[in-house]
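Step one of this worksheet: look at the structure below.
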Amino acid sequence: MTSKPISRYPVPKLEDLPQDIRDMMLQVQEKAGFIPNVFLTLAHRPDEFRAFFAYHDALMLRDSALTKAEKEMIVVATSGVNHCQYCVIAHGAILRIYAKNPQIADQVGIDHRKADITPRQEAMLDFAVKLARTPEAVTEEDRQLLRDHGFGEEDIWDIGAIAAFFALSNRMAHLIEMRANDEFYMLGRLPPPPKK
Amino acid sequence: MTSKPISRYPVPKLEDLPQDIRDMMLQVQEKAGFIPNVFLTLAHRPDEFRAFFAYHDALMLRDSALTKAEKEMIVVATSGVNHCQYCVIAHGAILRIYAKNPQIADQVGIDHRKADITPRQEAMLDFAVKLARTPEAVTEEDRQLLRDHGFGEEDIWDIGAIAAFFALSNRMAHLIEMRANDEFYMLGRLPPPPKK
Amino acid sequence: MTSKPISRYPVPKLEDLPQDIRDMMLQVQEKAGFIPNVFLTLAHRPDEFRAFFAYHDALMLRDSALTKAEKEMIVVATSGVNHCQYCVIAHGAILRIYAKNPQIADQVGIDHRKADITPRQEAMLDFAVKLARTPEAVTEEDRQLLRDHGFGEEDIWDIGAIAAFFALSNRMAHLIEMRANDEFYMLGRLPPPPKK
Amino acid sequence: MTSKPISRYPVPKLEDLPQDIRDMMLQVQEKAGFIPNVFLTLAHRPDEFRAFFAYHDALMLRDSALTKAEKEMIVVATSGVNHCQYCVIAHGAILRIYAKNPQIADQVGIDHRKADITPRQEAMLDFAVKLARTPEAVTEEDRQLLRDHGFGEEDIWDIGAIAAFFALSNRMAHLIEMRANDEFYMLGRLPPPPKK
Amino acid sequence: MTSKPISRYPVPKLEDLPQDIRDMMLQVQEKAGFIPNVFLTLAHRPDEFRAFFAYHDALMLRDSALTKAEKEMIVVATSGVNHCQYCVIAHGAILRIYAKNPQIADQVGIDHRKADITPRQEAMLDFAVKLARTPEAVTEEDRQLLRDHGFGEEDIWDIGAIAAFFALSNRMAHLIEMRANDEFYMLGRLPPPPKK
Amino acid sequence: MTSKPISRYPVPKLEDLPQDIRDMMLQVQEKAGFIPNVFLTLAHRPDEFRAFFAYHDALMLRDSALTKAEKEMIVVATSGVNHCQYCVIAHGAILRIYAKNPQIADQVGIDHRKADITPRQEAMLDFAVKLARTPEAVTEEDRQLLRDHGFGEEDIWDIGAIAAFFALSNRMAHLIEMRANDEFYMLGRLPPPPKK
């Protein structure tokens, strides 16, 4: 069985892209060593691409009481219940790296309730997963459970907004059948080579 | 019973907002006669605000084989199955105006299968609603049903991407309990006054 | 797009109907200014028609601790989760009139948890919606929540019986694709003209 | 463990009931040898009682292309998916008697797809069960499947209306925790005694 | 309508079976007066047959704080929500015999919450049914509810393991469309004949 | 965050186990290099342990038209929709090894419809996943889809029986919160070292 394509839509060549988008791609390639398919495939529509990554960065790079690893846990848990190949595998890799834990992403992507996380993180993911699958069922009681674990109002916005953004992202990935890059599967699974 | 607030989060005053956001608000107020609460409430976080509206405009203002009314039908139908007060009522108003039809929004928001729409539009909304609620269940068969009704690949992207964006939008509205402006309830329900 | 018919079944002419049914129709027409389609379409079967309205009146006209507006809230909320065009639109109109509130019906029909209602009314609708969608899941605990809000045993019967009757009504409307009258869309949305 | 009461609500004494209701009860007692609890428990509210049985009789006693056994199959199958003790057990007894088949009710109440019924009856129950649990999902395609099995438009009304009426009935039974009479459990399970 | 076959797969003749399996069958026939179809139909694959009954006996014949009747209640309740004809009817018969109660099986198979059981048994079946339908949703809170009713850790294993085993059994029965023997329908419904 | 224990129940020491079970453990340890937790945790109850592995081996080691990798795909896909940490991670490792494909397990565990598998394998997993989550919904039509892809009746039994066995297995793992061994996470992800 050969691999499926990375998108059901045409993937633009780097040289055909607007300068700002090409620059973004080269920058991420510089940093990661490869261009994640979410960049390559969404570049089919430059305006939506720009808004997508502006939104992503506003949420994920924002200073927050949530750690970077906790934000990625939200992505992996909600993408898991949405059965999104790209997001579980790509953000699973990022989660492994941020958490310096090679097991956490597989655990959280399958069932966050059984994962090696704190009760506070479990409450955070309970909330995120509920908003992800049945947003109308989220009530003040659910918010109160978060406060009981020490989350503030801005943290609740963070948790909910990340779940909301990946509700979009998961649906785009299902829509175009976005494929995860080969590189993500192994990232963060092995200890880094010793520094000299 | 008094009205609930328009958001569970603080709503910034116009004079405290960054210039670009204030300008956007004044512009929409000029056009609509009031500022829709989605502007006022999401302005609590300017960066996310900017990305949200950039994304919205990229999808909704884009030239497309879908009419403006059809795009709003997708918003209303998917927001209906997601039980989102703000989006059903606000975009219901816009749909009534674009479609020049005072009944269409209530019909589509309750059950698009019984609405006064064409079989092609019904297929479009079947696809959008499926992606909205069970994105993992969307298959090539579903895409083929759209092609059978004359939709091209870019139209399918439009349909899916609008459903995906409002999956985000509905969740933000549930998260902050965003309230629809009073003005939206009546918009587009009465025939316009005769021109002199 | 032309309008769909008011029923998939033949709609009898007034002059062909049994006297008692014709009288009922003329009476409602006298009062409302038009004949709601639920009368016209169910008249296709006179015996079922008579039982349907006898049941409706026994529940809805009964003296009760629930106000008329609260009874209609139950109809609108349960018909909303059942996606019933006729019942949401027609009873939404009645709810607006009884509650003297032009927004309440749209709010309750979309998501009663975000509507401008009291906590007691929210508990009432939580119970009604649960019985409407998953009747087997209603337990003594749910009844107790109602008692905690001051509802008595007869009130609980009222709430449940109205939800039960509209479980029937919503299914009949889906079965025959009953269409809401044009008149209902605007009823109760504008303030009444000033009395001289 | 002692038996639960037949209703959570007061059960009126025969002598306290209005004459017409008492007469109905004595008549059914005469015929069946006992008074089914649905009569005793719903008599708590005479007006609703009268409408309930008028509706029941209009549907179940109506001349129809459906046999009496087929009508009861619809009751048992839809009450099965609604997990309604009274209706499955009481109407299961009636189904056994009409069908002269001691096994059919248990089979249909558990899973109509595995029951000893004809493909036409299976299609009838597929439709009824769909309307019972997800009424909004019933489409013209579902109706067409019934026509393909020889059902006419009036038969489709019968099937749907019986499912709709027992949607009400099942909810009333869950609401008041209506208990099935002891007599129903064995009715129709043994061959009738030989006539002399 | 003639009866459906007992399996969609070939049913081996007794004389063609391995000695140990034939012996088991004769032994059960000796005891019960007939060979339950689960023996005849699963014998199509002797190795799976042996493991199936070894597992069944390890759970159901084990000394336990659960009574034999309580174990069968778990089987009937979980098979009920899984709509499994063979298991509800066959184990319903066994439950009637163990509980010396001709009504309990029909009640538990339809809705355990309305059955004549103790609050402790209701908690036991709540847990079993949850594990049966949504195993991922079972949490420590659910286990605590069992402990609050006096169940120990080994009892919780028993409850869960029986629900788990019949998750397998129900699926095998659906897969091969296993039919319940005629004999089971009446077993345990009549009082035993008086001893001389 | 420290790791959760491998079971909520006591894990017997090797030296306390019956000889046959200890031998099985040493044998698997010899072959795999470690003892999978499913052996250690289920050994808490030796009789159930023996039946569990007898059943597992009868299905998984049986000569079949399904390849070993295809059998493991069924395990991973059904355990994925059941959110079972142990089974997805442990059998994911085995699948990678049998399929000689380091990506297949993550893909199939998240969403088999997007995995790099053949249409025949996709049909196989569609059937398995349906039986896993809604066994009552499997019909002759589903079996026919398998035949259309070249599966024979015995292959259909294999597919269904593996899904059924892991319905049990997933529930046992959720019940005792069985943890996947650290070793499984990396197994089959790297190419084997070159032979000298």
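As written, the chains take the letters A, B, C, D, E and F, and residue 1 is the first residue of each chain.
Methods note: contacts are C-beta pairs under 8 Å (C-beta built on N, C-alpha and C of every residue); 3 or more make two chains touch, one makes a residue touch a chain.
Quantities reported herein were computed from a predicted structural model and do not represent experimental measurements.
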Relative to chain D, largest Cα-centroid distance belongs to chain A
Type of chain E:chain F copy interface by residue overlap (half), same or different: same
Just the number, please: Cα centre separation of chain C and chain F in whole Å. 51
Between chain A and chain F, what is the gap in Å from one C-alpha centre to the other? 28
Between chain A and chain B, what is the separation of their C-alpha centroids in Å? 25
Contacts with 2+ other chains: residues of chain B: 83-84, 111, 136
Which chains are in touch, pair by pair? A-B, A-C, A-E, A-F, B-C, B-D, B-F, C-D, C-E, D-E, D-F, E-F
Contact residues on chain C for chain D in the complex? 8-9, 44-45, 47-48, 50-52, 54-55, 58-59, 62, 82-84, 131-132, 135-136, 138, 153, 156-157, 160-161, 163-165, 167-172, 174-176
Which bits of chain B are touching chain D when the two form their complex? 111, 113
Under the stated contact criterion, what part of chain C meets chain E in this complex? 136, 139
Complex contacts: residues of chain A adjacent to chain F: 1-4, 80, 83-85, 88-89, 102-103, 106-107, 109-111, 114-118, 177, 179, 182, 185-186, 189-190
